Amino acid sequence: MMSGNGEKTVRFAGFGGQGIVKSGEIFGAAAIRDGKRALQNQAYGSSARGGLCTSDVTVSDGQIYDIEPDRFDILMILSQDSCDAFLHDVKPGGILIVEEDLVQLPEDFQGTVHAIPATRIATQDLGRRIVTNMVVLGFLGAISGLVHRKSLEQTIVENVPPGTDILNLEAFAEGWKRGAG
Amino acid sequence: MRHFQVHVDPELCDGCAVCIFFCKPAVFRLSPELSRRGVFPAVPEEPEACTGCTLCELGCPQLAIAVNEGGSEGGAS
Amino acid sequence: MSVREQYLSRYAGRTEFVMGDEAAALGAVFSGCSFFGGYPITPASEIAEVMARELPKVGGFYVQFEDEIASISGIIGAAWSGARSMTATSGPGFSLMQEAVGYAVMTETPCVVVDVQRSGPSTGQATKPAQGDIMQARWGTHGDHEIIAVCPWSVQECFDLVRDSFALSEKYRTPVIVLMDGAVGHIREPLTFPHYTDADIATRPRAKEGDLVFGGTKVPPMAQIGDRLNVHITGSTHKPNGMRDVSTKEVHEELVLRLNDKITSAREELTRLDVRQMDGARVAVVSLGATARPALGAVEKARDAGHPAGFIRLVNIWPFPGPAITELLADVDLVLVPEMNLGQLSRELERFTRCPVHCLSKIGGVVHTVEEIHTALMEQIS
Amino acid sequence: MRATLTDNIPAPGQNPLRRYVRPGILPTIFCTGCGGGTVLNCFCKAVDELGYDPHEMVMVTGIGCSSWIPSPYFLADTLHTTHGRAIAFATGVRVMSPKMKVVVIAGDGDISGIGGNHLIHAARRNVDLTVLMVNNSIYGMTGGQVAPTTPPGVRTTTTPHGNVETQFDVASLVSAAGASYVARWTTWHVLDLVRSFKEALEHTGFSFVEVIGQCTTSYGKAVGKRNAADFLADYKDRSVRLSKAKKMSEEELEDKIVVGRLKKREAPEFCQRLYQQVEQVSSAALAEEGK
Amino acid sequence: MSVREQYLSRYAGRTEFVMGDEAAALGAVFSGCSFFGGYPITPASEIAEVMARELPKVGGFYVQFEDEIASISGIIGAAWSGARSMTATSGPGFSLMQEAVGYAVMTETPCVVVDVQRSGPSTGQATKPAQGDIMQARWGTHGDHEIIAVCPWSVQECFDLVRDSFALSEKYRTPVIVLMDGAVGHIREPLTFPHYTDADIATRPRAKEGDLVFGGTKVPPMAQIGDRLNVHITGSTHKPNGMRDVSTKEVHEELVLRLNDKITSAREELTRLDVRQMDGARVAVVSLGATARPALGAVEKARDAGHPAGFIRLVNIWPFPGPAITELLADVDLVLVPEMNLGQLSRELERFTRCPVHCLSKIGGVVHTVEEIHTALMEQIS
Amino acid sequence: MRATLTDNIPAPGQNPLRRYVRPGILPTIFCTGCGGGTVLNCFCKAVDELGYDPHEMVMVTGIGCSSWIPSPYFLADTLHTTHGRAIAFATGVRVMSPKMKVVVIAGDGDISGIGGNHLIHAARRNVDLTVLMVNNSIYGMTGGQVAPTTPPGVRTTTTPHGNVETQFDVASLVSAAGASYVARWTTWHVLDLVRSFKEALEHTGFSFVEVIGQCTTSYGKAVGKRNAADFLADYKDRSVRLSKAKKMSEEELEDKIVVGRLKKREAPEFCQRLYQQVEQVSSAALAEEGK
Amino acid sequence: MMSGNGEKTVRFAGFGGQGIVKSGEIFGAAAIRDGKRALQNQAYGSSARGGLCTSDVTVSDGQIYDIEPDRFDILMILSQDSCDAFLHDVKPGGILIVEEDLVQLPEDFQGTVHAIPATRIATQDLGRRIVTNMVVLGFLGAISGLVHRKSLEQTIVENVPPGTDILNLEAFAEGWKRGAG
Amino acid sequence: MRHFQVHVDPELCDGCAVCIFFCKPAVFRLSPELSRRGVFPAVPEEPEACTGCTLCELGCPQLAIAVNEGGSEGGAS
């Protein structure tokens, strides 16, 4: 539907604390920077705590009507709970990305999956778990080709605390590398 | 000297390291392995050092720890 | 250039990807809001947070009070000291504010109250959006009164309608409710900042010596604290000069009728409808807030396929733009009202149309999809 | 409604303080002998002695007989609010009216009953308000129901079998909450009241004066006092000045009214800090623009 | 015989000249009310005063709280401890109670809230009667909900309807609003005490082990604190077993729809109309509360003179007895609605009749006279 | 939802206190290292050591993360109320459930912010409630806004330029209001917490324990603490026991956390007096009938 | 209107503190005791304080429809303010009673007036100002003949604080004497 | 010795007797005559005894009293 506008829906799903919301925010803002339209939305249980958390971004060349899309062109699954809840919301032919250390896909699952140990990369390679979402963003950016790398990088710099931009860009680059590789 | 078994329930532990802070004899360390829950859980690595002070048991925010007197020495759950 | 103007000029013309809540707050900063009384609550907290961050930059004051009753009390006090003042909350807080909303109506205090609606009743689904406070905004406080309330449907409109709300509140000397929903409040979209100067700040009619501050004209000029006019402000029934008279029927009648009349007689002026595709429409989809987004999508889709669907969005909900809607619906066979409640808009709508009103109610914290509304629409059309 | 002080001059033989009273509005509608009138009187005196211009004062009140003391009587801007919320309204006023003296006058039920939360939080913030709480130990206006300030055992209309609650020591509570000026007097102590009102008005920060005053009608009925003199005699009898009270035991102090200035200290005031911060942030923002 | 019964037997059959407020309080004592949370406010204070005096005589508890929010919170807590509990207030206090009313609805807590309506909005005319909170009783709290509300018209009915309200609140596990008006509350008339025993005390369906306390059936049985059932009570969206689930659309939907349905599906049973002279009536006077007194006088007078006037009084206002009224008004040409507000009853009535509804509004704290209504009636008839 | 203690026996190797926790509900959903879990743990321990039957306890909570400590976790009757009103609800429960232990657990914002009025009035009445206030210096659940307990200067989401308010000393406030048992500890003091909870539960009258505990997420962000250990180290560092604090000057105590049992005294309890009065009045009424 | 029921409306008007409400209450209850129907209503400004105060009683053999009558068969005026406000609300042919020390009728006033110095009698003759309303009640009772003396007396005894019944009855008797005399 | 004029405004006085309580030298008494307002107003019967302490003036709930130094001795208003 509305696909005449090249509309794409992306969901980041995981638990609170994984930087899910921020990822969507950066992705959407980067799309804007590319001259597209974008709408980002999120859902979580309790405000501050763990538990299921999603961040959805719709990117389009035309007007965006759906505020809460329920099927996704790209689905990033970063926790087992979100896998159980959303695995089947990826559109046929869509892209599925999973955090390989945290998600066990059902045995009978059919379809292409892009897997990345984002948490491990952030924690062990980069020494800061907090940049997990940047690894994911880079991975997604490379795989999806939806948004220009430059736009994503510029948006990241604007959105992270001063002084942490280098670390975040490193994480992003690492993710991109894995996605492109 | 009294002996204690120290159990950590890996289903509950979320790797907060509170037990590590409480434990004077440094019984615990965090596992380097990411659990399915996405955390690095605590493991009682040197249970034999445990003095049975129960501070870890009381302080653990997930009620994940049980410290029992006696029994086998390898108290890791 | 004032601090404010310099601040504004920095943003003017820029586009940012922000939340509806954030846009509402920035709309307030741009519109000359100088006092915000806050108390955190999901999904309105971000408004307070942005106000706390931005307001001081333009010389305004953020005060976080001990509860919502104090927040709204504080902004009313501030308004009488000359501030354009605002508070923001969600259902539970809005319920607590009802006594003070009535006080603001009775004392003709301009101020803006944002209710970012979440799924109720009670604590309900605290993090989920809804449109369940429409009737509460109209009837929540005791006693006969009228209210102005508007409902943004996009991030940009969160900004714009907050600006308009300040203008209306000053013009009519009355509290204005910005009835956002959690969906519009929490989505991010591009917001383009306008070019404002201090001249765009809404100003209130101001009393001079000898003026009646609480009567005489439909919207009397306002005296401010410090104006040396010995203004007497009370939520008790009062004479046009502000002095209490709680026993005389006529005094009460005159006051309350005027307070109601100043709103209802401006109904036409306050009516703001977003009307599309109504030419030749047989089925009209009437909606507001977040729901109007997929509603428009559904109507466009139906029209694309050649079906006679039309779209009406209520930008203002109170005073209800009934007469205008009656006219728009004159030739329509059926009205479809998607809303995130159990039929509050459709209930009111029924009073203003003869054709059947079909409510497509959806509760549980999820916004309608285009598909859902389109399906319902096609069912009605066929 | 404008009446300037210059055109509101009492006639010879009239109490000169009547220039602080809205013209044509006396006598008050308080019951015969009500302490509220005495508070009004002493407050006018304090303002007069300080030489304040009432047009630079704003009176904020709640709901209750005591809230009528400034409203409608005192000739200044007056914000008569809802029950219990005067201090919250006043905080908004105070922040936005930096040049005005903001004074709250209301009853014990209003300020320490339903309004208790606003009281303690304004005290905590040390907002520059002058709060005069008229404590008549009762909900007067509504006809004599038990208040948080009613002593145990008293038979009010809602404690017809005797009050089972303990009464508040509001002054101590406010002090613990953070107020920087706290005093307590009774309507018997008219000269002290005037002095205390002056101190409170001059103090920067949250200043609180508890005025124990007679409700001849509602509380009089509850405790069998028939007129103002019965109350004043009782106040006279039971009052102990702080200096003396400090030397008395808890038992000796039982049933006594400790009067005096209970607290005065300099402490950072809320609005000052707020203004300072806004000043800093806005200049920083301005500097930022300049770049 | 229990203390209560002995107390009751002393009054049984006696007639006393008492106020409506007093009758409401005595009605509660007679109906087994065991906990009253009070806070004074004109014109409801007398209810608290009588409860404070009488309740202890039958072993019940009067607690005066620090404010109205605490009063209603306290009675909800008491209800979960097994009490039949009540509070009483007027407009300003009722506004403050709105958040907790929603909580009682959501947690299905039986309790009775009396609102003795005075002339608003805001502090208004504190000592003057009105009927301005009709819509507030329905819509005052945030989120979609239904409510039961009744309106006595005489001192005797203040007593009787409080008794019925306790029964309804227990039967439907929901708060019941007794919408008195200051006029009925403050007049004195003869009250005749009934013969009650402890068996007349309304009891609630009580949960046993394994029962669902918050779902499963339309009105689930109630567990009490101390029942050893680990009851989990929350105003958040919850599953039938009481446990919170604030994310699942279906859980919210099921809960809220059931809460609404249990009231609306009982509409017929809850409908209580006082219908007189409607045979052959061409003009119907529809009213409630104090206003219905002169309304009946006017109708009787018109009938005495041979005019086809009829009388309908709404004993219950919510859920609105719409269908029954539609039927009654089927053959009528015109409806005259005297009410002490700006048209709240007539507004709702319009939704249920095709004939013109003429509102005879009167505000300012004065009850209509027979003469006034008669004059209006005769104008309509001719 | 019934689960008796007998059928809720933890497996060997599981913490035995899990018998006090609703089955199948752990792990808690608190953020990693949140102090709330420690409070739950110590509370279960106190109940266990006292040998209480949880079915004779009722937990009343407000809204906030800390309100989730008993609800849903503690296996007893649970009344999860509205924001700030838990103590008012609990008063109704306490009066009508004379045989139950009524315990309120909620956050600093809930109890001392919006709920401050109910707090001080219940303390004044000395209602027999056990109130555990978890003070994490922040509105945690809503994402880290300034609370009445946030120290000056701290940059929270609503004080991005630094907090200009003064924080409450809630324990002192409650004490001045009339509470008969008052204590303060931190989550570092687990053994003291257990003892204090036991004392509070056993005390007849209004007992209040302030538990200073870490909000690792929201407050952690505000003060730059990254995990629970950062907080615990700080608590350990800054805590001073009452006995020692008494010998220290105000300057020395600046920034210190005074822990200990701050007050305990016998005072007439509200419900007892109420029950007594009702007993008297109803027997008198009965006697009257007998005539 | 409704006069077929022998309906009579009575207003006591004065200021707070004169026992106005109580007078109406006793008068209505006494009528009930006589087997009639009665309805009493009151109005005042602020709850506890001085200012205009009225207490109206309707006595009837039939149903009472008017809750707030606006014309009166008997009007008792006990203060100047209430005289100014209500003097013209007495029905033609109705009875007007005034407290002679407190009320100055307009010069041009036409009509019969029953005057009594009730406050003076209570204060000076009986020593307790508080029984002023009993003097008034006695006076009204005697003049109007609406309610039996016995019923009024019994109702007074039931409605005054224990121990004060003799004083109150004395006051009542004094008023009755003046009214009958 | 200083002399004072003591005025009572009969339009305002409601006979509460607060002035009598405050006045040590017993300057006031209540008039035995009922005023039109229905009260027995205070009258300064012995103004010459006045010491000028102003307590009555400050204590009067109706601001009905004025105490002025000097002037004629018969200070009744």
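In order of appearance the chains are A, B, C, D, E, F, G and H, and numbering begins at 1 in each one.
Assume a contact is a pair of C-beta atoms (placed from the backbone, for glycine too) under 8 Å apart; a residue touches a chain by one contact, two chains touch by 3 or more.
Computed from a prediction, not measured in an experiment: that's the story for all the values here.
Student: Looking at A-C and D-G, which one has the bigger number of contacting C-beta pairs?
Tutor: If we tally the C-beta pairs in contact for A-C and D-G, the bigger total goes to A-C.
Student: Starting from the mean Cα coordinates of chain F and chain G, work out the distance between those two points in Å.
Tutor: So the centre of chain F lies 59 Å away from the centre of chain G.
Student: With chain centres defined as C-alpha means, what is the inter-centre distance between chain G and chain H in Å?
Tutor: Going by mean C-alpha positions, chain G sits 35 Å from chain H.
Student: Pull out every residue in chain H that's touching 2 or more other chains.
Tutor: none
Student: Could you check chain E for residues that touch two or more other chains and list them?
Tutor: 42, 45, 56, 66-67, 69, 92, 99, 103, 122-123, 126-128, 234-236, 246-247, 366
Student: Multi-chain contacts only, two chains or more: what residues does chain G have there?
Tutor: Those would be 43, 45-47.
Student: Considering every pair of chains, which are in touch?
Tutor: According to the stated criterion, the contacting chain pairs are A-B, A-C, A-E, A-F, B-F, C-D, C-E, C-F, C-G, D-E, D-F, D-G, D-H, E-F, E-G, G-H.
Student: List the residues on chain E that touch chain D in their complex, please.
Tutor: Its residues touching chain D are 38-42, 45, 48-49, 52-53, 56, 62, 64, 66-68, 92, 122-123.
Student: Residues of chain F touching chain A in their complex?
Tutor: That would be residues 29-32, 65, 140-144, 217-218 of chain F.
Student: Can you check the complex and tell me which residues of chain E touch chain G?
Tutor: Answer in residue numbers: 15, 17, 42, 45, 126-128, 183, 186-190, 290, 293-294, 296-298, 300-301, 366-367, 369-371.
Student: Going by the contact rule set out above, which residues of chain H touch chain G in the complex?
Tutor: 34, 36-38
Student: Applying the document's contact rule, which stretches of chain A touch chain E when the two form their complex?
Tutor: Interface residues on the chain A side: 43, 45-46, 52.
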